[in-house]
Amino acid sequence: MLSFENDYVEGAHEQILKRLTETNMEQLSGYGTDYYCARAKEKIRAACACPDADIYFLVGGTQTNMTVIDGMLAPYEGVIAAVTGHVSVHEAGAIEYTGHKVLTLPQHIGKIRADELETYLRTFWEDENREHMVYPGMVYISHPTEYGTLYTRTELEHLSSICRAHRIPLYLDGARLGYGLASRETDVTLPVIADCCDAFYIGGTKVGALCGEAVVFTHHNTPKHFLTIIKQHGALLAKGRLLGIQFDTLFTDDLYLKISRRAIEMAESMKQCFREKGCTFHLESPTNQQFLLLKDEELDRLKKQIAVSFWEKPDKDHTIIRFATSWATKETDILRLRKILDETLSSVNQDSPALSP
Amino acid sequence: MLSFENDYVEGAHEQILKRLTETNMEQLSGYGTDYYCARAKEKIRAACACPDADIYFLVGGTQTNMTVIDGMLAPYEGVIAAVTGHVSVHEAGAIEYTGHKVLTLPQHIGKIRADELETYLRTFWEDENREHMVYPGMVYISHPTEYGTLYTRTELEHLSSICRAHRIPLYLDGARLGYGLASRETDVTLPVIADCCDAFYIGGTKVGALCGEAVVFTHHNTPKHFLTIIKQHGALLAKGRLLGIQFDTLFTDDLYLKISRRAIEMAESMKQCFREKGCTFHLESPTNQQFLLLKDEELDRLKKQIAVSFWEKPDKDHTIIRFATSWATKETDILRLRKILDETLSSVNQDSPALSP
Amino acid sequence: MLSFENDYVEGAHEQILKRLTETNMEQLSGYGTDYYCARAKEKIRAACACPDADIYFLVGGTQTNMTVIDGMLAPYEGVIAAVTGHVSVHEAGAIEYTGHKVLTLPQHIGKIRADELETYLRTFWEDENREHMVYPGMVYISHPTEYGTLYTRTELEHLSSICRAHRIPLYLDGARLGYGLASRETDVTLPVIADCCDAFYIGGTKVGALCGEAVVFTHHNTPKHFLTIIKQHGALLAKGRLLGIQFDTLFTDDLYLKISRRAIEMAESMKQCFREKGCTFHLESPTNQQFLLLKDEELDRLKKQIAVSFWEKPDKDHTIIRFATSWATKETDILRLRKILDETLSSVNQDSPALSP
Amino acid sequence: MLSFENDYVEGAHEQILKRLTETNMEQLSGYGTDYYCARAKEKIRAACACPDADIYFLVGGTQTNMTVIDGMLAPYEGVIAAVTGHVSVHEAGAIEYTGHKVLTLPQHIGKIRADELETYLRTFWEDENREHMVYPGMVYISHPTEYGTLYTRTELEHLSSICRAHRIPLYLDGARLGYGLASRETDVTLPVIADCCDAFYIGGTKVGALCGEAVVFTHHNTPKHFLTIIKQHGALLAKGRLLGIQFDTLFTDDLYLKISRRAIEMAESMKQCFREKGCTFHLESPTNQQFLLLKDEELDRLKKQIAVSFWEKPDKDHTIIRFATSWATKETDILRLRKILDETLSSVNQDSPALSP
């Protein structure tokens, strides 16, 4: 069955498997101390135009968020995030498990707003009871967000300047960073991110790797004894090579961006299909995730031929679902999608409720 | 200086100090195994009309909340609370420190609404991604709330029936329970609470004791090895007698309710003063906490003669402050307050913004 | 029944209750910000000859240990303690609950040895796998120890110099500190402790108070935002006056030492009784706790008239038990003890196994 | 440079890379719900002769230990382990990080003894202060141990019966399980382990996989909502296929055992070399890890040509080092080792201290 369920239904980019196979019988030291890890770090530093970056490779996104956030926060601090942020909702309480509160701000198509952040911080510092409260210790954003949306460069710079004024780090979750960088509607590049953020990660799992996320601390600001902290969180991979070789490959000849662009092209074709069919978009997304509002009877028909992701139920007759393309999506997949939509959707979506997230 | 800052500025009810003195040289076994603890428990069971109650004495409110909530939740569960709940805001992240998320519902003058709870729980169980989310494992309410407001018996019963339908416990934070029970506008009694809740605590610190809160598990549903859990949380008092004797005294001859009523009478007199001065109430509270909106220039004058609590700043020229009476407030305190208000407040509060929490 | 079960079976020193009663109706601000807390701190600073000391009052011993240790350690660090240390054995895992390992050294009548500490630290830093291990982040000692024994000034200075060489703090648990300072066989004073340690606490609960321990950070080295950390651990007492007034009283006119001396005198009388009866001491203790090896049949008879504490069972026919005097022990208690021993002990303890802890 | 540093210096068995490549472009659902995971589980159930087994795939060893142990323990419980157990020493305090104490027993060439376990448990339950202590909640053993040694079937059965008598689970860390099963000196098989243990894991990382450990709960005794617990610990792999395909391959045609046997053959050849050279074995190991005592000057020469692992320093002139073979070790590696030993070792090790772990 055709799947647009998410961007991790496929294996890895063929180049990655090729490199894993070629290097397989080399003896390499463990825990990320091997040659390929070192070379991958060098290439990522270059791609970020950030010579002062410290880089660590972890296995997955939630693991990365909990290890980095717990590592950077003081015990009495929490992390500020959008109420829809991955750390707020979809990590099974991993941040709280490490003892820290997620302090939520309203979301605006998945993003937080600089003015609301500013107000939150000012209000906290004016509150005479603040010693009885959780100190805001860092800001978490995702880019692309959980809704596929993107911050503009100006927005990032604004958030960054607020964080710096308050001396708290800005951390960016780049689980799908490739699809953000490759969007047709962005002015945000890796160097911009490295410039604005104190830490971020470049997602591998959803952008061509079997697994792996590259954490970047942008100005030699790695928490002390971070390797031990990684181990303590159960996040230290014995065969670090598995991550090093993958990121070395992804950052050779611009592969990471090239394959991300493919996902964006396919997403644009997909959007075109939806538009032609008169579908109701839940919101405008310039990346690989598209959110549609469907009648439940349409969805039932659709799900017999295409795997998609449940997002939420705005009312009892409709469902918001997510279609995701990836680096591996093929043009024939879009053609098949078009055909299935023809068969399963009602001609016009008339009575859908007006919605914004 | 006169203080309405809170309900814990005074020492203890004189009867309590008398009993502590009388029993002082008795040798009593530690950790709550003494005779006075046993007798206090018996009296609390009777007052609650709840013969199946297990009772434990802890020292303070945040400590009680974190120990009980952590003790009752499974590791993958969080606690549902109003966004203004004490556990959500003013416990320095103690709940998250124990590894659990506080899942927030909107507040309505400090209370949660049954329909919103129902929706939250239904939405969670319908969500196909729920295995990646924090399971709602119990419901926390405070009564009186942080805004001095009270649930009605019907509201409590409604919340209770929803919790039972979803097989999660309902827990009531009664830090100021006496002032709720003694309110002129309530139909909620201790037996009603014991009937509706799976666990609650009767606050001593703010109602006449030097320290101490009595936790009641209403149907022999104490978490296994709870004494060890209390110890593990640093919450086991060596000289348990200090708590036992206090609660034994408070629950002899209805002392707890009697002294609570005094606080309510004083609060009603205080409200009358405010009304006569044309003050703007931030909300209607039927208990011992009163929230007023003052101009900052008035507040500055007032603070020279009366200690009050900062609550929040709704705009740059106004502040919401809290006046609290207690079991120890005297009529002369109210007379002094009236005089000070005469001297410090502008004649009419004209340009105050319309506010509701 | 006569009790030598522990040093917290009695209430408080009468002077403390008197002061609590005298100050009862004063309105005092909460959370340790009142006048009596300030004055008590001043007196403790003077008693310690330590003008740079920061002082905090907490309620109980386990709570103090977990809050201070968690507050001072980095997340990747553990605390070194004797295998018999209170934090190692009798705090229900409270230290581990805060996420930190207790790293154990052998005990020598309850004490750790400087050479073994030195070796431990050296071995750790030589271990090429140390990044996969828990970093030793502080040293915990108790004085008196759990066996009633005392460090000498030279021993303390030696431990201190090792800690300073390794840049880790030395923390002393003084739950029974009064009985150590008042011992006839010590050269350790409060100023010596303040000089050697980076943090310690002066126990109130077991030395005349209803509850309360005074934490001393000796050189303005309080962990950042420690009040919030206290709150987060559920350890912040609303009516801080309860602790301030008690310590203010204990440190007025040398009361703390005076009442401690009484416990030592009574312990010496008790030891004399035991010696005369030919009892087997488990070890030599110069403080208020005495450990005896009894035949189980003797113990059974004894327990009908005296409450004592179980310590351990060295074999199937014998038990080690603890007798504790306190500030409240009376000479008549010792006389009664002597009489009961006459009635219950066999004439000579012949077949007891040779034991050392 | 030749490396016997550990058993994870190589990549993966070629068959695994082949299968990853063959299945690469299949669209497979995430989080372990794919076809290959299901098939791998079926094969593991068969290999264990354990139809009631629940199986989960995690990424690494420390992660598996912390997730399983935390998932199986009640909050007031700790895990019993040898003082040399991996969870006791080399996991950076990951178990304590989850809030649980590691309760240590003496080690005997890496193993715990049934009589000492029995005594520990009996002593705990006889201790009248046990409510103030950490409850022993499960037993952790590793097989092979950290010293390469193995339990006999009788020993396992004995430990198992003690655990069952005390109603606590027995958990076996099988990070190197293949090399235990393939040893020439064992009567322990997978069905024996499944029969004796309540949970165990089959190590993939060190036995031919790129990463991955298969957790087996032997009698449908998986902790409730374990998938959410895995996610909460940051241990849920998005592309579960990476683990499923690897274990499916390892458990097809007995590959896991076959490649493990190769490591044992090479270890036996290696031992022969050492014996011929008169080397001092630190202990007798029947598996792939061999521990030797070398003079530091010999070690310095050796390390120029071979990578080995530091183990410990028994005195200032000697070091214990570990040589590990693996599934990938070749006969030519042993030949090279023999040659290097000839060049670097002194003819006879005469003055080595007598040591046992």
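When the chains are written out, they are named A, B, C and D in that same order, and each has its own residue count from 1.
The rule is simple: a residue touches a chain if its C-beta (ideal position, glycine included) is under 8 Å from a C-beta of that chain, and two chains touch if they have at least 3 such contacts.
Because the structure is predicted, anything quoted here is derived from the model rather than measured.
**Student:** Tell me which of A-D and B-D has more C-beta pairs in contact.
**Tutor:** Of the two interfaces, A-D and B-D, more C-beta pairs touch across A-D.
**Student:** Quick one: point me to the chain whose Cα centre is farthest from that of chain A.
**Tutor:** Farthest by centroid: C.
**Student:** Could you please state the distance in Å, as a whole number, between where the Cα atoms of chain A are centred and where those of chain B are centred?
**Tutor:** Distance between chain centres: 41 Å.
**Student:** With chain centres defined as C-alpha means, what is the inter-centre distance between chain A and chain D in Å?
**Tutor:** 34
**Student:** Roughly how far is chain B from chain D, going centre to centre by Cα mean, in whole Å?
**Tutor:** Taking the average C-alpha coordinate of chain B and of chain D, the gap between them is 51 Å.
**Student:** Could you tell me which residues belong to chain D and also touch two or more other chains?
**Tutor:** In chain D, 75-76, 91-93, 97, 99, 131-133, 228-229, 231-232 touch at least two other chains.
**Student:** Touching residues of chain D toward chain C in the complex: what are they?
**Tutor:** Its residues touching chain C are 75-76, 78, 89-93, 96-97, 99-102, 123, 126-129, 131-134, 309-310, 312-313.
**Student:** Taking the touch rule as given, give the residues of chain D at its contact with chain B in the complex, in rising order.
**Tutor:** Within the complex, chain D contacts chain B at residues 70-71, 74-76, 99, 131-133, 135, 224-225, 227-229, 231-232.
**Student:** For the complex, which residues does chain A have touching chain D?
**Tutor:** Interface residues on the chain A side: 1-3, 5-6, 8-12, 14, 17, 20-21, 23-30, 59-67, 91-94, 97, 205-206, 210-211, 228-229, 231-239, 241-242, 307, 328.
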